[in-house]
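Both of the next two complexes hold chain A, though its partner changes from chain B to chain C.
Now for the complex of A and B:
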């Protein structure tokens, strides 16, 4: 009797399962001969369309306009007030209105994914958002950071009493931005995750909702940002490190003084980002041989660092590959099959319900792991290279006679302008000219 | 000597500058011509969906962009609708204790004996997928979830996609932004 019950349950289950697999409708839809009821249509939903593409081009147009204005305000008009107004506009438009998507920082990931994943093609908007600020930086320096980036803007608003970060600390902390950039590219290229978007600190403010952890972290950064100006831009922003290198080459650079520097030291402490470099002192003759030896040692250390970084990065492939959903799933299924885990997750039961062979899943996971192994080498050696160069660069001395804005670190905010007496003279002469012009009109 | 040195540095710098600019232009050009693509939007494949409930909780919007859709052509118009009623309803009526939907977003209306029509009051729907789960498990699977593009912010990385256990979320062309269930397909 019991056996019969089992058989009947089995038959019932297999009928139901067959129904699911072959898509047979368990309850045939009625034809309503009696009442003549007409079926409502589901097509209404297709009339709810996404944001029209034309608005995406509008975003690009606003980006170009903001970049141009920012460059003009900083380099030509030399007006902090105008940059500030533009910055607030960008915060409102790209931040609160567009809810922080799309942004050039995140577009790095779309770009890397589109290179490595043939099924994913980049949209024109994404490529323009990535490239345009880079091109502007090649010409005008980091004017994107000054007046266009909403993440920079929200931090710039809270700068209260900036303290000076020692240059060695600043340089070491900045290594994190390089790691972040490399990791973001690796995770995006393997199709695992867009970590820049996932761990965006300020997007919860723009959307006025978000994960609690990120909201708390964002608040922490804003509080830190009162005393360490723009911490995200300086130490974390992965796009910032690209802009840094490009702005070293930029055609026109931000200058503190509109004229020749008179070395009055008035601007010395005006930069909240520590981007003003002092004139160099005479080369110390004592210890010259010693520093040469040190430099030689550091240069020899560079390949070692690159190798160690690569080795370390590659050996972490197991933990890194867990960012990919397929690898996570494969590991979970493996553990469940080994009997090490008794409970199933939504993901593992969903996979089992599809009936796909487990071997295929394992194969996919091992391919992804291999990608991470190779990518880990690249990522690690890149970080090793950056770390090595960071050690070498302080040994290189350059002759500077003026107070200058360091083109790499300068965020082109224009705070230093008003500290320069020559700038005051320029403004005065401008207003005098204006007065003369006004007098003429009268 | 110093003049020569300066000009050499300047020459190298200019060369590097030109190279960078050309590279950027080439990249932009190559992408614009070769891999030009439509804008992409997020959508979930209802055939992969397991109605886990993540859509309701993981969306960055307070009220999820995912809501339920009813493919009426697939619906069996059952009296005992497993998408509408709790597993063991006390009575087959619209009493709140009998309903599966936590917000009462499904309206049940009598058509003819023994058929009832179930329509979704969309402003109330939170995309939890409880009705979808019931309908797929025991019914025809005519209830399914879809991302509403008037609500979706189209985040660069969809938070629900990152949390989706069955990897049902994918980027689809903005020209055809919905994956509607049709009769005859599971």
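Now for the complex of A and C:
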């Protein structure tokens, strides 16, 4: 009998090694020093003409169309199949065709940098790619995640045997996504790095080339994704963090049932992302006062956590700042000058060849460190706030009467629809109506 | 007539056959993926394991080619191996690209198959009854809090870990270059600090005998010949030696005299210069090395320049192109901060080939290059400090030119020199002294901008002007030593000749000053030591018993002298 576990292991090994294969490097140009041979011009590398603007507008148009269709398929048509087809299209278009760039997730960084660096011009496309999914989420929930995001799509395709991640673990793991978001903004705002792009797990697949380590990591995520559905979206995606909060406010939300919930429980395990919340029972009266005291204590703890987080974040300014090329270079030069490193790097050699005063480099690095000190305060405070809220929220006793798609966690994939008997009734009546209409035509 | 039951049955059997088809497809795609994968892994391993071995073999062959540039068989082997390597690389690259695509496709088919199989055997939901929903809710809330606390603990640990990384404080890093005190304490380049030939120590021995071994702390044979002078930093002494085939840098232990390491200066680009014939008096290693206390840099007449760390590891090397020098390249190196300063004078002024080059000592990268309107010269540049501002002073026909050593921008120049300049400039008593061989000693005020010939020459003297040896001065008196032995003393302030003495022997080594004593090392290896004063007063004479052409180096209580075959360390043996 075909065993899924065995097959999965095979795929894991094959995909990981497939990544290794793509990592094959190019070979160096020949040494023609003595023969006087001139190497072919590399103008084709340096003179790459920018992509025609019309294609950028086309991207935006496709994005708007995909978002609209996705929202319509999920909320109105309630068709998982349509969402799936759209998802495959988005994977092909935004992933393989547009090679994963530009994407709304990375656009967070462009936006952050443009706020802090006035010399950085933010393109209209980047703004639209950032904002449009947010607007759609405000109205229709996370329909971007469902059928438009190529990163979500590639993970969705490999979901095979999703296991259920307990809600308490899911919530804590999600803390990483908040840290990632804050770090991405900090590094982008300081002009250090676009870490979301640098550590894009799936871009190597879209471009069919990439850094070996990222390929392997991406493969690992896909393998994990067979059993833990969409791990990147749920625990890492920094854009997902923003979408989560916005979709809480969305005007039209995904509902498992097209009608009233009859609590048949048929849908309770249908969501691979653990986004279905169950009806709650009455909270026990015993220990009620104790719980309230705990809640009060946790609320009081919140500012402390914010402060400690800020302090910790700013203390790490030297470590954070190493993400900035100038600081890295200054530290390298410092170590070389102190005799702690005997060999130079390409970067340090290039800097030395400029003959620029090292003191100027040190000054620039010191300024950047100061920026990180301030940014570290903000980042740390934010993480402290999120962690504090994560402690408080489980202590808030909420009442639910139906099986619901949690508006924050629901990725609007539409998988649960068919599990609802009321949905089956709806579909049947639809098809009956269709038959009547066909008869009428005849 | 078909019943509903029959319809359901046929539906079921169709689903089962679709399930089998999907399963079969998945298995075939899976097996296919594994086969491609195996081939790709093999391809990858070949690239990772086989290619580096062959590439190393190719590099070794290329190095051998430097030794045997006319070996046709070797050249053909290199060509064939190089071609084979390139062909294989292209083939592997194409194979991995196509194979990778195929593998992705196969994995895609596998996924479709397996997902379809799953869809055709979809399980019906099995709602479970939870016995104690209340307890479950409370348990989940508690767990959620504890996991958050655990995550916070991990974060705190991460913060503590990163905080502990050793800090680099740029505020205290501005003085990372050698201080003037460090430079003054050592003998880091030709003729020591500022190229002055003045010892920072006065406890230098005056009496020794090479034959009996009196006051000879150690004597070590130098593998290859060279006229360059020893350079001393701490407990290390550096020299170079070369012949037509080899160019080497040596490091001796100043305590024991042991040759700690010797390093070959190999540059594939200089292979063609193996045939370079040098003027005998200059030899293949006339230029003295320079050190900054962490690395030592050397240059050879082939244009090979390189830097080694104190353990003998080559940090970088370059070939600057063989200098077109009539008597062979002989300028010594100077250092300023992180810069290795090379006076690369050659050919004629009209050839426009002469230049001053500053290389970064860490990487060998060219930091600046300044063209010089001069022909070949045999002087060495010096770096001096005047009023907190450093100047790089150079001499070549007809100019004494000062540059800003950090960027190579010319500061001032004076037209006062003639052909074949060999004595290096010195700075003493607020004046720069340049020597027009056999013709004149010129004292220059080192200020102003541009051509200051008309305004900045303080005085000129014309008696007993040397052709090889550089002068030495204590700031009040300046001493000139002609190569055939005439020692002349001038007053620094006005250029009045005070006295002269014929030492009746020949000199190539430049005179040195230790406190109030002049050290004059003749070609015969006899050191005449005279008191600095209003007349020549010899206080001691010591013989090495070996010919000497290089200038001595001084450190605390010791003097290092390079004979034609040996390096000597002289001092108190106790």
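The definition used in the following text is that the second predicted complex is superposed on the first by the 394 of 442 C-alpha atoms of A that agree within 3 Å, B and C clash if a C-alpha of one lies under 4 Å from a C-alpha of the other, contacts with A are read in each partner's own complex, and residues count from 1 in each chain.
By our rule, a contact is a pair of C-beta atoms (placed from the backbone, for glycine too) under 8 Å apart; a residue touches a chain by one contact, two chains touch by 3 or more.
Small disclaimer: the values here were computed from a predicted structure and weren't measured.
A.B. asks: Tell me the contact category for A:421 with respect to chain B and chain C: first, second, both or neither.
C.D. replies: After superposition on chain A, A:421 lies in contact with neither partner.
A.B. asks: Taking the superposition on A as described, I'd like to know which of chain B and chain C A:350 touches: first, second, both or neither.
C.D. replies: In the superposition, A:350 touches chain B and chain C alike.
A.B. asks: Looking at the overlay, what does A:258 touch: chain B (first), chain C (second), both, or neither?
C.D. replies: neither
A.B. asks: Once the structures are superposed on A, label A:303 by its partner contacts, choosing first (chain B), second (chain C), both or neither.
C.D. replies: neither
A.B. asks: Is A:267 touching anything from chain B or chain C once the two structures are fitted on A? First, second, both or neither.
C.D. replies: second
A.B. asks: Using the superposition described at the top, list the residues of chain A that contact chain B and also contact chain C.
C.D. replies: 20-22, 26-27, 30, 349-350, 353-354
A.B. asks: Touching chain A in the complex: which residues of chain B?
C.D. replies: 13, 16-17, 20-21, 24, 27-28, 31-32, 35-41, 50, 52, 54, 60-62, 69-78, 111-112, 115, 117, 119, 138-140, 146, 148-150, 152-157, 159, 162, 165-167, 171, 174, 177-178, 180, 183-186
A.B. asks: For chain A, which residues count as touching chain C in their complex?
C.D. replies: Residues in contact with chain C: 2, 4, 7, 10-11, 13-15, 17-18, 20-22, 24, 26-27, 30, 33, 157-158, 160, 166-169, 171-172, 175, 179, 205, 208, 264-270, 280-284, 305, 312, 315-316, 318-319, 330-331, 334-339, 342-344, 348-350, 352-355, 357-359, 362-363, 365-366, 383, 387, 390-391, 393-395, 419.
A.B. asks: Okay, in this complex, where on chain C does chain A touch?
C.D. replies: 23, 26-27, 30, 33-34, 37, 40-41, 43-44, 47, 82, 85-86, 89-90, 92-93, 96-97, 99-101, 103-104, 107, 110-111, 114-115, 117-118, 125-127, 133-134, 137-138, 140-145, 147-152, 155-156, 159, 162-163, 165, 167-168, 170-171, 173-174, 176-177, 269, 294-295, 309, 313, 315-316, 338, 358, 360, 362-368, 406-407
A.B. asks: Would you mind writing out the residues of chain A in touch with chain B in their complex?
C.D. replies: 20-23, 25-30, 32, 34-35, 37, 39-42, 45-46, 48-51, 53, 56, 99, 101-103, 106-107, 109-110, 114, 120-125, 127-128, 131, 134-135, 138, 193-194, 197-198, 203, 207, 209-210, 246, 249-251, 325, 345-347, 349-351, 353-354
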